[in-house]
Amino acid sequence: MADNNTSAVIDEIKPINKVTFKQRMISYKRKPLSLVMLLLVALAAVLSAAALVFIIVYVLVRGIPNLTPELFALTYDSDNVSCMPSIINTIVLTLLTLLIAVPFGIGAAIYLAEYAKKGNKLVKVIRTMAETLAGIPSIVYGLFGMLFFVYALNWGYSLIAGAFTLAIMVLPTIMRTTEEALLTVPDSYREGSYGLGAGKLRTIVRIILPSAMPGILAGIILAVGRIVGETAALIYTYGSATGYATGLFNSGRSLAVHMYVLTNEGLHTDQAWGTAVVLLVLVFGINTLSAFIAKKLGNKKG
Amino acid sequence: MDKFTIDNMNLYYGKFHALKDVTLHMPKNKITAFIGPSGCGKSTLLKSLNRMNDLVEGCKITGDIRLDGTDIYGDMDINVLRKRVGMVFQKANPFPMSVYDNIAFGPRTHGIKKKSELDQIVEQSLRDAAIWDELKDRLKKSALGLSGGQQQRLCIARALAVKPEVLLMDEATSALDPISTGKIEELCLKLKEEYTIIMVTHNMQQALRISDNTAFFLLGEMVEYNSTDAVFSSPQDKRTEEYITGRFG
Amino acid sequence: MRLKTFRERAMQGVFFLTALASIAAVAVICVFLFINGVPAMAEIGFFDFIFGQKWAPTNVPASYGIFDMIVASVYVTAGAIVIGVPIGILTAVFLARFCPKPLYKILKPATELLAGIPSIVYGFFGLMVVVPFIRDNFGGFGSSWLAASIVLGIMILPTIIGVSESAIRAVPESYFEGALALGATKERSVFKTILPASKSGVLAAVVLGIGRALGETMAVVLIAGNQVQIPTKLTDGLRTLTANIVLEMGYSTGLHRQALIATGVVLFVFILLITLSMQAIKSRSEKHG
């Protein structure tokens, strides 16, 4: 009770050390350049935010009226330019890409975080290569995917060629986020597990991976965002066939490629706006999910 | 004459009452030392004198603090206040730039652009901080390459370069070896002819060696304030006596 | 017991092999690009290919000079940097040092969202909004160096903001306090002590932004006009290396196709150089930090 009273009293105190607007203006009057810098910094932040808001609002305003039932018709034809097949194709492509990339990404991260000795030369090379992969533009991935998977392996424009190409592309993302997640697992967990006589493998599988799971998941979802938004790496690997890609060696178009084709043809601008909305909603939904999971992890740590 | 006056000052960090009704008048051209165990509020009080506490979230101050009779929490330009009341931190914090640019940072901030004038200020400040001879050939070298003691004296020189009236020293020697500490103490005795020095120290011997007045703090309360000789030879409060005889802290 | 050790060893081997995947990927990418691209360069003539100013793959005899496109890529990247870097760095300063907490909670995710927008959406938006705006207000076709620079400038913002902000936050608070205690304003303390101290991180942000702008394809191909020329004014169109690949790969055959792959090789080499300088900056700042 006494405690409550004191806190109420403290809340009511009028402190003398609050920097008032007037005090601030007194300082800026002597140093006008500082005020200019402050305004510049604020202006830049406003511009950055305005760019985002403008793009999103513009796309939504132009796009939402075009979200007609025909745009989601089950079969595509050149009148309705339905994006339904490409949505399904995107989902299948995403799953297959993850199926390839996730085991490699997590395995590599486990090696780097749990097995590799510090200062190991090979580890340095692996990290450098992962960074190099992360810097390669998607069009170069597309070019490589075409040369290697489409022609050299003779898979043609196909689901599997697209998935392998994207798997290499998202590998560094998954590796990095997984490794970071593994490194946040406290050493006491490892010691506790070894103390109970568990081997290294068992410790990793039973203790470390589960506690790092939210971080790993957040990274995977981030990779999903990249896959869904990708265009340049897919045009010459997955191709742009309009139907459903029903087999591994069938060509199809992902939603982003669909949007590119619509834009390029220039005949279905309204539908392109609608498709842009679908794409934005998907990508933002995925990013929000990733941020949400990552935040949960952060809370648990704190 | 009193340089700084603090009357009925209270300070809160959120719900924590960190300084309780402190009244303290500090005379000009003297060294005033704040002593007391860690967490007693002495550094907090020091930082209130140049408003560095404003950076701390949830910090609330009440009362009255005046410099030469002017309310420093009133309409005084906060940057002018900090120019007049310089500060040396516990851990030397030279900027990651050359020795010369470190010293010239303050004067440049206050509008001095002329090279010849800056040169003169840099030399004078380094001389005043008794480090000119050591650094005169390294003015263009990075300040981060200096030893800990040199860095701290550089920071003192940097503070002197803006020609302050008061120098606040927040345990400025606590991270230094005895030789560097001795040099800085000597420096303080010389500087008090021109400046008013207020220092926080953990080291009671240091307070005894160089300060004119000493204030003893405990749990946010100012227990005793008197001439240093009086505080150490005949403390009025039992808690002061216990502290200086090493019973706690 | 023995089975257990075997399993441990086997899995360690498996993890090790997966770790090698990225090395293998880089190696295979290099090999395939180079063995497909380099012979074309040899056939066209290295000098004619890089410095040739005539790109006419369907002429008889055909010419394959990509110099204009190299210059175009550099121009577009420079344009994006001019627009994106100042705004990006200042926004990072705002986020790290001036942003009130409640606003930060909105603004920070917003800048990250900017990174999530797919490039095709940027391209489409540019085509429908930026291009007509330029056509109506500055003349020309609208699809231009300027249009591509603006859109790419926005696209690299999140990279510049994110990397710069963490570099600024990594600077010790004591520099800031030291400057304030000398009577410097908050703005001066930030711009004269914190920002200079974070320069290698900010530089890394810029280099990363350059890499992104240079490699961007889908947005550029829709809004840059794609004429093979060196633009003389901002409203002129141009064709970047990336656009060249996307535009012609679909129907090319023979030497034409190989020349496009060689274009990719040139782009790849540029990107490798950027990655290398990036790593040099990093290791330098680690040494000095």
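Each chain gets a letter, A, B and C, in the order it is written, and its residues are counted from 1.
FYI, contacts are C-beta pairs under 8 Å (C-beta built on N, C-alpha and C of every residue); 3 or more make two chains touch, one makes a residue touch a chain.
Everything quoted here is computed from the prediction, not taken from an experiment.
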item: Most distant chain from chain C, judged by the mean position of its C-alpha atoms; value: B
item: Two chains sharing the most contacts, counting C-beta pairs only; value: A-C
item: Centre distance in Å when chain B and chain C are each reduced to the mean of their C-alpha atoms; value: 49
item: Rounded Å distance between chain A and chain C, as computed from the means of their C-alpha atoms; value: 17
item: Residue list for chain A, restricted to those that touch at least two other chains; value: 27, 31
item: Numbers and ranges of chain C residues touching at least 2 other chains; value: 185, 188
item: Contacts with two or more other chains, residues of chain B listed in rising order; value: 79-80
item: Interface residues, chain A side, partner chain B - complex; value: 6-7, 10, 13-17, 19, 22-23, 26-27, 30-31
item: Sites on chain B touched by chain A in the complex; value: 10, 12, 15, 17, 48, 51, 53-54, 59-64, 73, 75, 77-80
item: Chain A-facing residues of chain C, complex; value: 4, 7-8, 11-12, 14-23, 25-26, 28-29, 32-33, 36, 86-91, 93-95, 98-99, 107, 109-114, 116-125, 127-129, 154, 157, 161, 185-188, 191, 211, 214-218, 222, 242, 245-246, 249-250, 261, 264, 267-268, 271-272, 274-275, 278-279
item: List of chain C residues in touch with chain B within their complex; value: 172, 174-175, 177-185, 188, 192-193, 196-197
item: Chain C-facing residues of chain A, complex; value: 27-28, 31, 33-35, 37-38, 40-45, 47-49, 51-53, 55, 58-59, 62, 103-108, 110-112, 114-116, 125-126, 128-133, 135-144, 146-148, 152, 168, 171-172, 175, 199-201, 225, 228-232, 235-236, 256, 259-260, 263-264, 269, 272-273, 276, 279-280, 283-284, 286-287, 291
